[in-house]
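Look at the two complexes coming up: subunit A is in both, with subunit B in one and subunit C in the other.
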Partner chain A sequence: MQRSTEHDHPADAHDHPAAPVVDEVSEFEVLEIAVRELAIEKGLFTADDHRKFAEWGEQIGPTGGARLVAKAWTDPAFKARAIADGVAACREIGIDWGEPTGWGTPSDYMELQVLEDTPALHHVIVCTLCSCYPRPLLGHSPYWYRSPNYRRRIVRWPRQVLAEFGLILPPEVEIRVEDSNQKGRFMVLPVRPAGTEGWTEAQLAEIVTRDCMIGVALPRPGTTADETPVAKARHPVPEVHH
Partner chain B sequence: MPSRAEIQQLYDNSAQQYPMTHQSPDWPYEVPHDKYVAYMHVPHDIGGTPAAPTPFEDKEEEIWELNTYITCEVLGWRGIWNSEERRRRADNDVGATLYYGLPYYGRWIWSAARMLVDKNYVSLTELTEKIAEVKARGGGNGQSAWWNPPKPAMADGSASTRADANTAPANTAPVRFNEGDRVRVKDAPNLFYSRTQMYVRGLTGTIARRIYQTLAPEDEAWNRDDAPPQQFYIIRFRQKDLWPEYPFDNDTLQTELPDGWLEAAR
Partner chain C sequence: MKSESGLSPSATEGSGVNLSPVPLLEAVRNEGKTWAELAPRCGVTNPDPPWKVTLEATCQCLAVSGALPWLQRRRAEDRLGETLYSATPAPEQQVLALAHTMLSRGLVSEEDLARRMNTVRSRLEAS
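Our next item is the complex of A and B:
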């Protein structure tokens, strides 16, 4: 994987002044602007199309999936419906896979399978061919999920890779790798952990992180954020508030 | 039918076809069969090839990366390409050197540009002139606004829509298999593009779930909307059947394949 040296670290680590920022030209930013402008000039799409899609693409994230898991943990009938028809169950919690076009995004299709873990069965998701991922429900995939390293190894050495994420499972638990290689999209419904008895759906949703729904982590009381490090962008997408 | 060991050898050979600077820069008169198969290996199919452990990290998205995603998806929304074509172009047709050499979304936008030229929506001259113009006005220094399109030259709604793209075709395809049936994945030759992974070819698994009907990826990637849709299934394999050295008896792997890639296991 590409390594970045620009991780979060304490601001007092160095006392020399910051070097002046000299921006490298991003060839890809140039290319994207050129493609977008030509497409608009040629009438292939409109600026409004792009704006509408951007508004949708900015606000997706894993909280929808967390709400689905929390509701499935507290409502067995909903869990059964989610396993039978994931897209319909998403509608019940306010996530419409038809957005933003009316027929979904071009790349997410409208086929969601909710994979239920049990004490004897643990699922983990990958797309070995590219990076297929349930964007409407979990947002954009993390960088490591797209990386050749994860895609190469998780299908053949899943226990080693999971251990690198800090997840060690006993041999009697069946590990089932789901290689999401076509139009189906998948999310893991983890086992509700001990110590959450009597919790509300909102409390439960807080411990269901993105990594739990990919299957590289397990939900734990007290853990509300993924522990994988995050490299900084040079020009990050501004925070949006909806 | 090659043996598992032979398939594994081909697979491992394919993994060696990373940027080929070690090879004499001249053309051979012929290539032996195993090397031909390795060259034909579709570059995106990397599951199961060895790599050393690397720390897994996420990365914040750059503005240009999110814009690339949106531009590519809007091109799909308006019927200029479909996502199977996008996956073929960006993940596969770029060749191994660019596949490993460009950033993830760099391949996307490069492929979108190539598609517009290939389909005669934009000439290469127009594209290179536009790139020069964007650079000249300072685009690409990372300082451009999050949303700063020029006033659109047109907004007359003439762009086509593709409202049928994600609707399931009528369930007209034959359904040959049921849950629990044992099926063998065909070991068809690779050429240009496939989404049937090398690591399941020639192997037998069990139908876990019957899912949707749609075009085979090999057809949809070239917009062959006239091709017959196929029934897709989720197939479950024992890991020990996929990887002879696999040490855990109970572990399994599932993936989705169309009817045309399957035959009843004897």
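Our next item is the complex of A and C:
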């Protein structure tokens, strides 16, 4: 069945072609809406509750993961606990993978393995099967993470693919690619970079970006998630003075 | 001994959910087009259907309200995903499992669900 449009725009309403959309209603979509509406009608929850959870679920970012890494860098005992039991360590920083409230999670998945990098070993994560991702810690996965290109190539040519992200690792550094499975999730605990001695957890968390915890980038002092990227000219044109 | 659903305990196999096929959901499973089929045909590259977010929010709301606790839903989803709906990909498998579990626990009836699906379908197709 085809989805009808609410109204038709005149052909010249936009100066660019419309993005492709799926205009066919599937029975799965119908089922999802029907279940939700019945639950609301029966008082199991309200439409406003649902809207809030949907909005919140789409906004989770990687700050939880950054806090976990920063705490692991400054607290060796916590790091050991995080490596031994990632889900339990998450609870220590207020992220409960089993409780979908507050700093909780929209994830169904209750296993987390924290992969510790060393100067000689670098981890990178992928889900070759679909798009499994540690969402309670990192939020929604980036588009490229879900792309067949990344999923297929990172396991075959990890060093080359990392180089495409700008991460060129010396040949003596071993690279391990961890593939998520149905109920297990991974995140990378990068090596704490030089130049961060004496920093607080909050300062450290600022430089732990999403890509560092996927493993396609390394944390660096001065590079933060909220930094506005600026492409600096390598060979600036000399200023001409008249 | 009978469970609340009137089925023998063996039908639930310890997951708390009746693993017998539900005709309404079997029809969805057999006739429904998955996002993996629809999206490439339309040139859409987003790997997830738009309704995945609302489905997850529904699961969260049910958990928070206590109507369908988190781990119980997960266990039921696991069992259904390994059995009845093993050939259906995510997130279509998840919505089938959620509906199946809600039916199994008596949170909604098959008749109500069928009726509501007809209403929703008509609404989405209306011109």
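In this text, the second predicted complex is superposed on the first by the 160 of 242 C-alpha atoms of A that agree within 3 Å, B and C clash if a C-alpha of one lies under 4 Å from a C-alpha of the other, contacts with A are read in each partner's own complex, and residues count from 1 in each chain.
The definition used in the following text is that a contact is a pair of C-beta atoms (placed from the backbone, for glycine too) under 8 Å apart; a residue touches a chain by one contact, two chains touch by 3 or more.
Everything numeric in this text was worked out from a predicted model, so none of it was measured.
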Looking at the overlay, what does A:N149 touch: subunit B (first), subunit C (second), both, or neither? first
Scan A:L38 for contacts with subunit B and subunit C and give back first, second, both or neither. both
Is A:D179 in contact with subunit B, with subunit C, with both, or with neither (first, second, both, neither)? first
Which subunit A residues lie in the overlap of the subunit B contact set and the subunit C contact set? 1-4, 23-39, 42, 44-45, 49-51, 53-54, 57-58, 101, 106, 110, 130-131, 146-147, 183
Which residues of subunit B touch subunit A in their complex? 44-51, 53-71, 73-78, 80, 82-83, 86-87, 90-91, 100, 103-106, 109-110, 112-113, 116, 121-122, 126-127, 130-131, 133-135, 139-144, 146-147, 149-150, 152-159, 162-167, 195, 197, 199, 209, 211-212, 214, 217, 232, 234, 236, 239, 242-243, 246, 248, 250-258
Quick one: which bits of subunit A touch subunit B in the complex? Just the residue numbers, please. 1-4, 23-51, 53-54, 57-58, 101-107, 109-111, 113, 126, 128-131, 140, 142-144, 146-153, 155-156, 158-160, 164-165, 171-184, 226, 228-238
In the complex of these two chains, what residues of subunit C are touching subunit A? 25, 27-28, 31-35, 38-39, 42-44, 47-49, 51, 53-65, 67, 70-71, 74, 77-78, 89-90, 92, 95-96, 98-99, 102, 107-108, 112-113, 116-117, 119-121, 124-127
Spell out the residues on subunit A that touch subunit C in their complex, using ranges where they run on. 1-4, 20-39, 42, 44-45, 49-51, 53-54, 57-58, 98-101, 106, 108, 110, 130-131, 146-147, 183
